[in-house]
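In the two complexes that follow, chain A is the common piece, with chain B as its partner first and chain C second.
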Partner chain A sequence: MGVTQQARRAVGLAGGMTAILMAAACGSGGAGEPGAPAASAASAAAGGPVTVEWWGWAPGYDKAAEAWNASHPDIQVKYTQIESGAKGGYQKMLAAVKAGNAPCLGQVGGETLASFLVEGALEDITGYAKDSNAKFQQWAVNSVTFGGRQVAVPVDSGPMGLYYRKDIFDKHKIEVPKTWDEFAAAAGKLHAADPKVFLTSFNPDDMYGFSGYAWQAGANWFSTSGDAWKVSITDEPTLKVANYWQGLLDKKLVDVKPAWSDAWFKDFTDGKIASLVGAVWMTKVLEDSIPKTSGKWAVAPMPSWEAGTTVTGNVGGSPNAVLKGCAHPKEAVEFATWLATDPGAFDDLVVNGGLFPTSADGTSLPAMKAPRPFYGDQPVFEVFSEAARTVAPSFGWGPTTPVVNDAFNSAVGEVVTKGGSLADALKTVQEKAVASIKDKGLSVAEG
Partner chain B sequence: MRASMRAQVLTTAFLFVVAVYILLPLWWLVVSATKSGGDLFDTPGLWFGELHFAGNVERVMSQDGGLYPRWLLNTLIYSGGGALGATLLAAMAGYALAKYPFRGRGAVFAVIMGAVLIPAPLITLPLYLLESRLGLLNTVWGVLLPCMVSPFGVYLARAYAEAAVPDTLLEAGRIDGAGELRIFFTVGIRLMAPALVTLFLFQFVAIWNNFFLPMMVLNDQALWPVTLGLVKWHGIRTGFLRDAVVTGALISIVPVILAFVSLQRFWKADLAAGSVKL
Partner chain C sequence: MRGGGKTNRAALVFLLPFGTLFVLFFVLPIGYAVNESLYKLKRSGLGFGTPERVFSGLANYAAVFRDGTFLSGVRRLLLFGIVQVPIMLGLALVLALILDGYAARFTRFFRLVYFLPYAVPGVIAAIVWSFLYTPEISPFGLDLLGDGVVLWSIGNIVTWTWTGFNMLVIYAALKAIPRELCEAAAMDGASPWRVAWSIKVPMVRPSLILTGVFSIIGTLQLFNEPTVLTGVTTAVSKSYTPLMWSLQVALDNNDYSLGSAIAIVLAVLAGALSFLFLRLSAWLTRRGVM
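Then we have the complex of A and B:
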């Protein structure tokens, strides 16, 4: 038993290592040194138009592809909308890679890129992308780069901000908190003034929201050193965040309804939750989900840990990755870069899809300045534009995000419903994350 | 008398609770389908808000350039065609396994029984690779063909054929000069009808609810069944379609309920007919 198990593990490990190595090898083999632009352009012209297949699900992508095709006869993009990643889109892409009929370009969430990488499903695009990376915010490029190899082109991001009910804040004379200390004080003051109202909620089942807090604090849950993964879900910044929310939980100063539940949204409608620290895409979610509170909301920067500094967390964002076997990686990267950085293209994505740009000057797009009636005609994207410039540069995801998500939601959910300590729950999450990576036959660096 | 009264009351109460438990989500669906997207969260879930049903239906039908009716039709084709094919194939295979002794009959049946134990998602990836080679990806047949195979159906048909189709009747048919196919279609299949209706319904509902296989196989949204479409709408985080999802879900279960109600009658009548005749 012991022997076979060990043998199996060894085989698995070898397999996993090869996967990484292959991804690396094939990547660099496929990419090689970027050909001189002139030569490639010539070959594209000589060989007729090139078709780049593209799979994704973000709203607005279809129209972006049409706009590109109209102005780029040499590179035609064929867009197919598939189910979103978590609903099966990722499985479909991986299956297509195995079958050898994958599209050139696929929408792969930042939290999922690493799992695609260890499956050997991504091409290395470092050579094609390096010249245009200056057009992006640096942290966004970091988030699609593993061990020095870039595997995707960033598109949108989810910088965080403080959504708050202006009317409730005014009524109880609460100043908009600039730091987390002020935020905690406000939570106490508001709940004392009206025991039915909480300043905010701590959702027991929202790993991504929590990761955004940790991201802001400077955490880096997953990184690679050599061929080994380093897992740091219990690093010092994350524990700082956990202890902070532990304090609010212990004093019963936060609402603990599950995120996205009917009851949670109902509490927002009823004015029982007065604020929310969330990503930019919550802008549209709130507008659509709780229309009765329209005009009463406003947005401020995310509270910071140290007075006078602004560092922001990020939740979400779906880069476009070049999938293994792509015959035209250069053209695919060219299109993906245009999609994310062309002012016209992205302005449409903001309007049609509510996507928020990762490009360096994307924050000056006209759509960023539009006032929104739900937020008392505040041009809220301007707040997030500032926030996007201050996103902490270090956070990374690992190859087993779904496992981490489940582990987090069960362990933290238990703390919220039955009591216990968030720090202990994070230890459990850390152990399960390490185990899940080892189960894939990958090595984990201790420490 | 008293005990039986109590038992009756308890049974009724228990069944009532079970009925409520089962019907509550359906009630929620009916109520929610009449609400506008915002009212879904702003009003209590189990009672009506402002009536917005017509607007929701209009949105379902017009969203994405009116793809929903197409999806519903596709689902009907996949479910109806798939279930019909599966029923016919299973009936023939089950009948053959029950009525014709041949070498390796036990082994064939054992393999089919083994296939019952394999969960469908497990073979979806191999199926995908196979269909990729055969060029069936993104075609109607890529969904229909795998749906026409039902190992459990073969098992059911065999068991039923063994019990309900007397050898003597087949002998009589042969003596009268009928060929084996004619005997199967005129005698065998009719005697097996109650089991076949059950099988058809099982398979119909299974395909109706199927998500994973069409998700993997189909790219073209015009070929999608309704399940894929609803999940797509549900997944759109901005520009909410919750009202359309809920109303679309309600509309999508109507044909299943119709199929059940109409076929169940047929099924009972056949059971009764069988019991009198035999």
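Then we have the complex of A and C:
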């Protein structure tokens, strides 16, 4: 706990914890109907250099702002690093919107965009963004578009992969599992060979990690149906994932630890956890958190549900949203687009922040091919570039993600402390998610 | 008459700094919270329009009691208070009596040692304790963060922090007891035990009641310790205590209205419990129990 943990979590969130593909779910393809930009008059009016305020916390953003300012004298970006969203950053932005002095741009995770939207905290930027959307992967644009209105510019995403300790796998002759069945078998084999070592850990308080597994299996927790939200946290793919992990929990084949806790990282350092299925931004988190194990790790594709197929889950992605009251939305969008698509700018973000691009040609950046010493000089971003092409397209987030997150943590936390089943816990999460949306006065579709 | 007017004016002048700050940072925020708790943001459909703020009467207060989170939090705190407060105040009383009666040579040293934990900021203390509790890095080799145990692990932190403070309050009261009284009792053959129980303890009753009221309010406002422990155990949820829930609702769910309502209900409850406690101790005194 404490400073180190907060720092790690900040890095994790920065790398773009949180999810993407919202909008496929929201039933709107990117540039559906061009929204009428509300504040266009204001942005065009004044002469002289325009200042765009920008709040975020991703590593590398400060340097990106400097680089932009040096080459764009007419639009100066004033970057302020704030706490990561989950640590109070979102609350700060919402309070600023309420007080009428919010920055123009704010880093808002894909999982939180809809919550911001129902608080009336986002501007419609469809009109400014539609011309540059071709520079992005289509699903990334979908993920920031709600009901035909684009509210943010994508930055990064979090395709998942299998991080594993090559030395431990070699020592116990464990093959790198390609499917979840092989993964479960490997968990049994490894734990039998060395009862102190677990193949992986289960974090009862990590909804986002779990959502990545469900995402891969084809779940779609939140979608819209007409004028109402649809909540499906107990859909068939999610229950399949829950039952899978229930099996590993029942056989005590996984190390149960709170995510991001010192205890969790200590088990990694001590070699008690031999692998982790996580998003691309864990690359940097592991490098920073468990330096003693440097050189012993490697990355493989995420295990799949069916042999021979590759479908990947995603955790994370923090777009930059234009907050309500922004006087220069056009300039803000221009900068945000540059940040996410300019090869030089994003190359720096890969190097400085370990961010993974959402731009159409982002995977060809030189930094993506860089070998990383922590992973035995494997160019791990190449694995994730491959994975990014196979991200399942269906998953979406709803308007009360923080509440759902808390409900998940306490319900699944009870499963590991008091007993019970993950499937029942998910039922509780589903009920609380529905209740939280109704509490906001919004409609929820039955079924 | 004129003199009286002057005194009043002087009193007003002296009250002004306190009064200003009191109104600015106490009355106004409470008024704001009460006002906030009577409104609700109205949305419809998918909620993509701008929400509208509407008067909702007591709807938020009904919501406080609706899903059981508040009541289970209060039940947890009552259990906590019934066990932890007597242990803490008992310890504080015993330590104060020992300091007062014996250890005369090292009084200042021990007084400082007992009080020291209180000087450590609460969150820092909780973080250090959370290290001690985490099995992987703990020297104890016990699981002190399990579902059944964690409430008492929190109790341990609170007791560690606050015993010294309470001891100091009681000790100050003990110092105010006229020495002749104890000497006279000793002359009459009362043992130190007898003196402590029949003279000192009754004489510091007001301090015990004061620390009791503080402890009841403190228990209901339990926040720092469980909040820190949420990072190291899943047995403590973000709505573990009513105050934590209030913050979760206000900040995570961005529902300041319900958050205010929870806080106000909690304040009323703390007031009611303190009042009950005062009445109970007055009744016990009348009955000659204490």
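We adopt the following convention: the second predicted complex is superposed on the first by the 401 of 447 C-alpha atoms of A that agree within 3 Å, B and C clash if a C-alpha of one lies under 4 Å from a C-alpha of the other, contacts with A are read in each partner's own complex, and residues count from 1 in each chain.
Here is the rule we go by: a contact is a pair of C-beta atoms (placed from the backbone, for glycine too) under 8 Å apart; a residue touches a chain by one contact, two chains touch by 3 or more.
It should be emphasised that the depicted structure is a prediction, and the values quoted were computed from it without experimental measurement.
Partners chain B and chain C, once the complexes are superposed on chain A, run into each other and clash. Look at A:N101: by the touch rule set out above, it reaches chain B but stays clear of chain C. Of the two partner chains, chain B is the only one that A:W281 touches; chain C does not reach it.
In the superposed model, A:Q81 lies in contact with chain B only, and not with chain C.
Residue by residue along chain A, chain B and chain C are tallied for touches, and C comes out ahead.
Legend: residue contacts after superposition of the two complexes on their common chain; A:K266 is shown touching both chain B and chain C.
In the superposition on chain A, A:R149 contacts chain C only, with no contact to chain B.
By the document's definition of touching, both partners, chain B and chain C, reach A:Q91.
With both structures placed on the common chain, the touch criterion links A:V311 to neither chain B nor chain C. By the touch criterion defined above, A:I290 reaches chain B but does not reach chain C. Counting contacts by the rule stated earlier, residues 88, 91, 262, 266 of chain A appear in both its interface with chain B and its interface with chain C. Within the complex, the chain C residues that touch chain A are 40-51, 63, 67, 127, 130-131, 134-137, 146-147, 228, 231-235, 237-239, 248, 251-255. Within the complex formed with chain B, the chain A residues making contact are 57, 59, 80-84, 87-88, 91-92, 95, 98-101, 262, 265-266, 268-269, 281, 284-285, 288-292, 353-354.
Residues 37-38, 40-42, 45, 125, 128-129, 132, 137, 211-212, 215-216, 219-221, 228, 231-232, 235-240, 242 of chain B touch chain A in their complex.
On the chain A side of its complex with chain C, the touching residues are 1-2, 5, 88, 91, 94, 115, 117-120, 146-147, 149, 204-205, 224, 227-229, 258, 260-263, 266-267, 399-400, 402-403, 405-406, 409-410, 412-414, 416-418, 435-436, 439-443.
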